[in-house]
Amino acid sequence: MIVVLRPDITKRAETAVLKEIRKLGYKPHVMRGVERTVVGAIGDERTHHTLEALASWPQVEQVMPVQKKYKLVSREAHKGNSVARIKGLSVGGRKFHVMAGPCSVESERQLMTSALAVKKAGATVLRGGAFKPRTSPYEFQGLGEKGLKLLAKASRETGLPVITELLSQDHAEMVAEYADILQIGTRNAQNFQLLIAAAKTGKPVLLKRGLAMKIEEWLLAGEYVLANDNPNLLFCERGIRTFETYTRNTLDLSAVPIIKQESHCPIVIDPSQGCGRADLVTAMCKGAVAMGADALLVEVHPDPSKAWSDGAQQLSLEGFGKLMKEIIPFLAAAGREPAWA
Amino acid sequence: MIVVLRPDITKRAETAVLKEIRKLGYKPHVMRGVERTVVGAIGDERTHHTLEALASWPQVEQVMPVQKKYKLVSREAHKGNSVARIKGLSVGGRKFHVMAGPCSVESERQLMTSALAVKKAGATVLRGGAFKPRTSPYEFQGLGEKGLKLLAKASRETGLPVITELLSQDHAEMVAEYADILQIGTRNAQNFQLLIAAAKTGKPVLLKRGLAMKIEEWLLAGEYVLANDNPNLLFCERGIRTFETYTRNTLDLSAVPIIKQESHCPIVIDPSQGCGRADLVTAMCKGAVAMGADALLVEVHPDPSKAWSDGAQQLSLEGFGKLMKEIIPFLAAAGREPAWA
Amino acid sequence: MIVVLRPDITKRAETAVLKEIRKLGYKPHVMRGVERTVVGAIGDERTHHTLEALASWPQVEQVMPVQKKYKLVSREAHKGNSVARIKGLSVGGRKFHVMAGPCSVESERQLMTSALAVKKAGATVLRGGAFKPRTSPYEFQGLGEKGLKLLAKASRETGLPVITELLSQDHAEMVAEYADILQIGTRNAQNFQLLIAAAKTGKPVLLKRGLAMKIEEWLLAGEYVLANDNPNLLFCERGIRTFETYTRNTLDLSAVPIIKQESHCPIVIDPSQGCGRADLVTAMCKGAVAMGADALLVEVHPDPSKAWSDGAQQLSLEGFGKLMKEIIPFLAAAGREPAWA
Amino acid sequence: MIVVLRPDITKRAETAVLKEIRKLGYKPHVMRGVERTVVGAIGDERTHHTLEALASWPQVEQVMPVQKKYKLVSREAHKGNSVARIKGLSVGGRKFHVMAGPCSVESERQLMTSALAVKKAGATVLRGGAFKPRTSPYEFQGLGEKGLKLLAKASRETGLPVITELLSQDHAEMVAEYADILQIGTRNAQNFQLLIAAAKTGKPVLLKRGLAMKIEEWLLAGEYVLANDNPNLLFCERGIRTFETYTRNTLDLSAVPIIKQESHCPIVIDPSQGCGRADLVTAMCKGAVAMGADALLVEVHPDPSKAWSDGAQQLSLEGFGKLMKEIIPFLAAAGREPAWA
């Protein structure tokens, strides 16, 4: 920690700071500058009591942390890329994966049509929401366990593993029984109890970035998964909230190289939530592939205009087939192989 | 709903839109403008299937909702101000309340010292966190049930009702046993399962605004509480996330007149989280009082620099006493009475 | 400056950093921590060559400035409150001022009606736009010099000094001839050439905060005025851009205590631009007064629905009269006197 | 325009709105819905007086524009892609261009070294700042006309056309004399006087997106250029301001497909400003290419750590050479040809 003292403070006020730093288990190191005196507090910022509260002292101008707070998810902890194992699949290696399917599971027919079509087009994981977090209590909340059973059935018939959102700690075991990857949604990205419950099922966890989550906070949320003994963590960028209203969210593709730099975990891009408009999805996917993402998570619906949720952002089956063909040359340019080839 | 069609589309493409609107239960109403044709879709947007998915059709430029989605929390539903009943207290009426206490419950001594001091200064509700949502898994997570017991004890000894955060659905009954108001924190503001669990305890619910939550989404999250048969809802503004880094968050005081305009529920301001700096708290409180807030939620600690969480934003006992005196003339100007006088 | 080195770098890489720091005129000071080595670079960060470019070196993790970059506008430079002199008036002292008038000058009649009414209600400065920065080239761009002449006439007839926006360096002298305060608008807050031109006229300058301007950047923009030998600077908060869409901007009232803490210059609040809705203006004004603002800048129009610009946010003459009465008790509570009493 | 009336208003209040709509030159069209009455106002929103001021009427809930406000820059105005002509070059066609060079022109040697190296690596336009907009008045402000002369010299010696920033209307002619493209920087993106002055020189204008500029506002700023008879406009995305602090700005790559959809003008990506970190530049460039950008604008310096401005984000000459090779396969995948091959 670096503690910057205000100018013109008394010797006594300075001594009090140094004493406090020592009491909190750090070794103070004073540097007298031209306009400010700065104290370096030597010690492990993660295990010692925090010094940030010193900012409330009148003689202290600011307190700046030096260390990164995340440990297990960091690139320093693990130099290579870690690979999430999903049934027989490996996400994070040379093979590039596409997870696709409808926003919500609506009926057996809608789901099976989607599952067969996305498989045919190359998807290697089937997505579908059974529990839906909806802004309004009057919107469709998902089919619940019935939806999970349909997903399991579609999985058996197509051979595709299934990813679905976990909304409630109480459902962790139930969802883990039917699904192969547990998705933590953007609204729950800092619902730490849910993260812990998901981690403890032992199933791979895909952690979406919160709407207003800084990269550091996202990495720390991921740390909750690894710290609960679950090594199969995937980060998923799905758009952050900004002032722009043309798109529903602003897809922050810089998250791809940043996660690759800071962490060893795979990074997945969700362009459907990311822009909220089907007409931008294909371009976003090309960008994600080029920048080094490990997988895509794409919403696809047999008839988007009739979707029970988020119709505006879902691709048609035909549109998805086109997308899958169009990203092939970018995969080659990025030195990746399509998992479906 | 208003559906704006793209220019230069075929008659057939237009007819398809009209047909779809009818199929979804609305009555279409065509208006031909100079550059665009616009279709009004007449029907209740809350009960009918949504039309927003039409935006995925190539002939549709945009779809704009006309109705507000919230119902029970709205001013239209209840013309007067509703008052939340907290033990013997009423929040939302003429009397102005201050809820105060430490960020985290750390020990019996720390809590009792705080409780007695805030009571003496005028606070009418005691706050204190027993379960703490922490960005990092390596930070202090709260004393848990032991903290709740200390709060209950402090409540018995001072007579102050207690507000504390509910973090997990599984703890709803336990927390409701000890606390008089359940607080839903900013990170869980759209954790709808938690909102429902809190509502069902029957205890008053204080709903903090999410870090990136639009007013409309906040009102809809509150709708989850009222729709689950709990009329005692308080909204609490605690700062939104913006680009500014001088303060931890940007306290959006315009939320006070907006909530008063759109809703009948009380509005509480949390300046401690709102700016994250103790030196700005008093000014923020004066503003909140002047603008018509019903209560304040203030963090106070016997020794902020030693606090186990968020020390930089907690007032000292002395600072809190001063604040309580300084807001009196503003309460008078606002036509409110201090609940403690 | 604090330079944080990456872990596991070679001795040689470290030495290169120290050498570079010396070469740039600073004295390096090494602190070896548990996980990181940190180098304090002693020297005046404002006059020496910046060290921030070191962040591009592979062995450097981050570079953190310690000093504040602003000097003349800072509270350290001038302990008391500075007062801007506007003709006979002093803004920044015990007397509280309200500047009011139409968004745009539209006609002699519209302006004179407004000027007489706002004067009668208590305003001490007349506002009105002659040059209007408009998002679209097809919107009304202001009456230009004709508008300035009308403002000067209204000033003569009412005795009110005039504030108006300066849009172009080329107009600085012309605008200064007619106006008593030059307003720099939000879109030009970092148009440094314009700031310098305004400063050089010698007239008081009111500097609005840019839509996405951090407090530090705003203070530094103000520094351009003082550094060009113009001591009469007023800061004006007028809302920042956030994700919220209920209001046009988010009025950041925390700017009041922050500017008071960091600077000696007066702070003015513009609630009209700040929220973009006339129905919120009065509440915002009360908050601004309570928090310690020195003046308000309010848009008033004889018939807002017919305004040529920004009608939705302008108060009617009657509404303005009501506002002026309603803020009186808050001024008293804040220890201020209305300049008009 | 769509005017939504409040529920429960009198017939008389409704009639007043209809009368006003007619008076402002529109034809009102009433639709009675289940909960709201909505009035469509038929007429050209760009040429008629705006109706938005009606939002200040008590009986009006909201006013929603239907038409897009931009005309000349829109895809509707020009179905094909327009191509900016820069000396012999065409930007916006099949050939992909890279504009590169130092952030600031510092000396003849620094500039010539850069110019020769970027040309060798494939750049087809030389960038370099002679007038620098600096947040602080104490930072290096550029070499001014001397810098322009050095750019012209480098242009003569390498044959590369030159792009440089125009900061002041007063310099428009001077800068146009030396430069081949005038750059309007992010802080001046809504400095309409500067835009007009730049347009009138007849030189191609590259318009950077403002830090907090919505896509619609950016297109409208571009409209100022085309409306002043200059058809050679290039849009340049360079990062928007968000809450994230890991990067200096958030590069919004979705701007590429959006500009392509809404406008016929070329779109350029500036990854250097966009993320503010040299280590992310290459990944951002790959994404931009894959998504369909027409050109890149990249900062390159012979020794970034000694740069007089923005050293942290400038690539070394070697790094730039590597970048130019690495994007080749992505250009091929995107169906583009490198202009330098």
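Order of writing sets the chain letters: A, B, C and D. Residues in each chain are counted from 1.
Going forward, contacts are C-beta pairs under 8 Å (C-beta built on N, C-alpha and C of every residue); 3 or more make two chains touch, one makes a residue touch a chain.
What you are looking at is a predicted structure, and each value in this text was computed from that prediction instead of being measured.
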Same-residue or different-residue interface between subunit B and subunit C, half as cut-off: same
Most distant chain from subunit C by Cα centroid: A
Between subunit A and subunit C, centroid-to-centroid distance (C-alpha), Å: 38
CA centroid of subunit B to CA centroid of subunit C, Å: 30
Interchain centroid distance [CA atoms averaged], subunit A/subunit B, Å: 26
Residues of subunit A touching at least two other chains: 212, 241-243, 245
Touching residues on subunit B, where the partner in the complex is subunit A: 20, 46-47, 49-50, 52-57, 63, 69-71, 133-139, 167-170, 187-188, 190-194, 210-212, 217, 220-221, 223-224, 227, 241, 277-278, 304-308, 310-314
Contacting residues of subunit C [partner subunit B, same complex]: 212, 214-216, 240, 242-247, 250-254, 256-258, 261, 274-275, 279-280, 283-284, 286-292, 329-330, 332-334
Residues of subunit B defined as touching subunit D within the complex: 2, 4, 7, 29, 31-36, 38, 40, 42-44, 64, 66-67, 76, 241-243, 245
